[in-house]
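Below, chain A partners chain B and then partners chain C, in two separate complexes.
Here is the complex of A and B:
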């Protein structure tokens, strides 16, 4: 008897969901987001999650302050009768296998219309392969490993700049300084020796050689080290004009401390994002690296600009300033939302078509890209980085001129 | 000799003294109990957080944090003995290894939960500024840690060889049943050994925190060095840990400077294997 009542209730529920359908299917667009919500990169993953949630609020609500941002002043997606976006988060646990399984779950059980993720390049590899097999559009807003876009995938897109882009920014900046009369003859490259440090340093070396400002010293080291004194002493002895660091957080902290202890600094010090952009680094060591040049795809611009307004909203929500990787994740969701709206449909093939036709201008973005336009490999050809400088314990944009809020101040001051 | 090389050697020796400092607790537990404490790195990590909390809540430096960390860690060490080690000692060898390994994971993830995954540092003016001496640049916190390392090693050595507590602990480690027949309570002595070893580790952690970063996973980074130092010096030998620590620090620094930082581990571990090949008991260990 009771069992029958149960059955009836279940049937009722099923009928109700089936009956509501076309209307309710229309007013929800499901996007799956695969991020490290536990494990080693959990703090970064959770920050990205908060940024993506903020992007969803912006698309689904009405924010007159952000009128240049697509979809901010309309509730939901207008071309889909005001359909709201719903993001379903999945934890990649920091492993490629979990990333793959979670992607499969999002596709087959949650029936998502598009995917976003997956922070670590190694996990994006497996997760996007799953999406490719099922024909679901996959956008990575942050993974930089260069081979991701070399796999001949048809459903894969990447909005973030890659190593070659940052290398060009550093090179342009240094050549500008050289033209202005600064001595730039010797350049040292100090990199940690895993996938990230090795691949990025290789690209930087190639670009610099082509541009006629060759690297004169290269020091590679293992990131999980207890001591960096010999490296700093080596630098002190060679005394290069420019030092470029490619480091994770713990080693970045040790370099900042040790350079002060051993009393050496170059005239220009550049850090390639990663460790030097970690909020932990800025908090613990910001005062030791005044004048450090860094890259970022995001910087809160002048008051009233999109980036400044969004930074305030993020700060209200989480208590932190919006950091670079989280801003890139947020931009990723906005790109997908724009494409789905233009597709006017949740059909994967139509979203894929619309992604290929994406053409966002610099002023329509949260991040500092020159725009968003994908090539046939799915790479955003207008992706670019801002150059920032540590000024009073905070990174401020100093280059290129049109997005700068302050003049670049050299030489490097340190502590 | 170039000035830079001299600086590299001095920095290496100071680093080595610090390695010796945080290895002495590990070697002591081995010497007293034949137990490898895989949670040793996490003991150092806890002591570093104690130093950090002493600074944030009381605004005090190592003069306060060293004794507080020593006492706090001695308590942690004894609690670990009574709640865990005492029981797993009765089990097979594998249970002992996995038991302290489990303790290390428990402590590490508790720190993640309690302190979060952020990196922290103490202000570098807490101990004093770096200064110039005979053309060398010396960092006050490292110098302090190096000097304390010598005293702690000497102190532990004296306790073990010159006091009745030391003799009783040694008696228990040599033959617990015989010692018990002589009226010594083995459990008490073993608990004292854990307290002493963890207390020394507490001193080490509080001092390391003055010039290193603190994070829940810092124990992992430091523990590897501690294990190498202890096996090179000879398991159970406190003076051996000092000699091995200085040797490793020196070799690491000079090879990183001369050959490049990626090769320093190759040199250190080649030396390690070579020494153990000739002297499996370590430099100063007994067979």
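Here is the complex of A and C:
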């Protein structure tokens, strides 16, 4: 009987050792990408994967339409004798442990030269810690938890804007409107009461106070609610000039409907991405929120612009418009490719140096950042969001002026 | 003699594994992960296997263990490993509180109650900012001292986990051969029969539950020292409870080495299937898990190790006989 256990154990071990793949070829630049390809964030992860694959096609091929985009018109990386980029995807399965295991595998087995990922902030924490210990550059194009860049890491970079950047965009827009003579005295903040709503509303409150346009009313509510009448009635009674919503999808739909039912609307209505950007919100309630102001790191700009061309390419590949997180992931790969090309080497230390020297301008980007430049903590100091507006059932970029395809139309029209 | 030979070989192999896999860090780490999973599943086995009280809420204790380790670091700057004993004590207390009412329930009702309590905790934890909210807490990412146990290589974790697993298996083995072990098996076979013969079933089930909780907390604390991060889903998620159960059931619930055998099969299967196919977004791991649950339920209700013991009387063969058999053991 024990011989059988022995067989079992030995088979396990043999399986484990034999499956170790052999060393890889050196003529390619390998980038590891850790995304949730299964589990409850799989749809977002697979969309990011498609966007990253498109970015690889752009870097490896020749696309004269995209001449402003670095590396688009050269095949591969010119400083590395035209070496092609290869991305190796790994599934983080939505768990921090799997994220870390896969990072180790990408580093030690696939011998990747740089890493990209990992969508969920909690997984970026563990995956980037593994990269830090092995001294491999790690770029997160989308995880926003504020403490990620506070860990004293030397190999960690973040290109996405964080909550403070969104808050500054809203504040700038409102102050511009105020300077133009619009009445902005009272501002209400309506937020769902879990981590997302609480943390973002805290940051917005702080930024707004500093900028001299304090929030006058705050309403917290549970996103699982089936009725938002009390909240809307409260708004109707206070009648603020500006309302800012931080909501998930089903509650966003409820607000749009209830505000119409109770016939109340503010002069300016702003939504912080999330639920209000969900395609299902746009489909069901887009017609009820004409003139709603929102944010996005990506919006397809004027025909012929980089963002418009890329949106078309993405649509051809997947059938969908390029969404905000996927566009940020795509931008992440382009940032890494640019740095590796400038490094002229696949040595991690040289890539790290080149990442630190990154200086991309707004017109060289897919996303609507003001540029890409990392501070000593690895945060992109030029990260910012575009402000979009619901116009005829679709969000169009209206601010800042350089990326706008339409003028901002106020007051808020609603239904 | 053959037995002794076998065990020496297993021992040498277990000790040499991280050295043999030195050139393959992923497989070295896989060894540590197998041991960690085996610790959790062996902890579950005490109450779920031996006492037959199928808890599907052990993630509570795993999560508390992980959170105790990280909270000590977060608030007091302690090395996470020092939080592990604290987590074990807290879990013993909590197990007593949960166990007294829920262990009165039998069969599926107990399992459902444990799921309910665990889910309650999972939903509540994100509402406390002091526990890191929904975002979770991370341990020391860059080691300050060696006590932080923050290593690049998996080898130190491997030996740490191996020591803990051996200790847990030793304790379990002692229990298995003690009066309490006989009581627990008697309770598993037929609680009513055990009670009628004078076994204080409630008390012994509670003891087993508390011991199992403490061991599970240890698994949670060790998980945190290795992974360095916990959030409500990775600490209290239902999948953690389910994995402990499946590993023990696959190897053999209520068998000393059952959970270890289960972990030896499932963890490599999970990691290898994810490494080979995960990048394609196949999510094949969960398909494999589902298939294994069905196979165990249909063909192997007593686990793989039961295949190796053809002489054992299966409860199904002797519906009336086995409780009496267990009672006799107790009487002896």
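Simple rule for what comes next: the second predicted complex is superposed on the first by the 389 of 415 C-alpha atoms of A that agree within 3 Å, B and C clash if a C-alpha of one lies under 4 Å from a C-alpha of the other, contacts with A are read in each partner's own complex, and residues count from 1 in each chain.
Keep this in mind: a residue touches a chain if its C-beta (ideal position, glycine included) is under 8 Å from a C-beta of that chain, and two chains touch if they have at least 3 such contacts.
Since we're looking at a predicted model, the values are computed, not measured.
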Touched partner set for A:208, first chain B, second chain C, both or neither: neither
Contacts of A:255 with chain B and chain C, given as first, second, both or neither: neither
Residues of chain A touched, compared between chain B and chain C (which is higher): C
Chain B versus chain C as contact partner of A:157, first or second or both or neither: neither
Which superposed partner A:42 touches (first chain B, second chain C, both, neither): both
Touching partner for A:276 - first (chain B), second (chain C), both, neither: neither
Footprint overlap on chain A, where chain B in one structure and chain C in the other make contact: 42
In the complex, chain C residues that touch chain A: 2-3, 6, 9-10, 13, 17, 20-21, 24-27, 29-30, 33, 126-127, 129, 133-136, 138, 141-142, 152, 223, 227-231, 233-234, 257, 261, 264-265, 268, 271-272, 274-276, 278-283, 285-286, 304-305, 307-309
Touching residues (chain side chain A, partner chain B) in the complex: 40, 42-43, 193, 219-222, 224-231, 233-234, 236-237, 249-250, 253-254, 257, 260-263, 278-281, 283-285, 288
Complex contacts: residues of chain A adjacent to chain C: 1-6, 8-9, 12-13, 15-17, 19-20, 37-39, 42, 45-46, 49, 88-91, 93-98, 100-102, 104-105, 108-109, 121-122, 125-126, 129, 132-134, 145, 147, 151-153, 194-196, 198-199
Partner chain A, residues of chain B touching it in the complex: 4, 7-8, 11-12, 15, 116-121, 124, 130, 137, 139, 142, 211-213, 215, 218, 221-222, 225, 252-254, 256-257, 260-262, 264-265
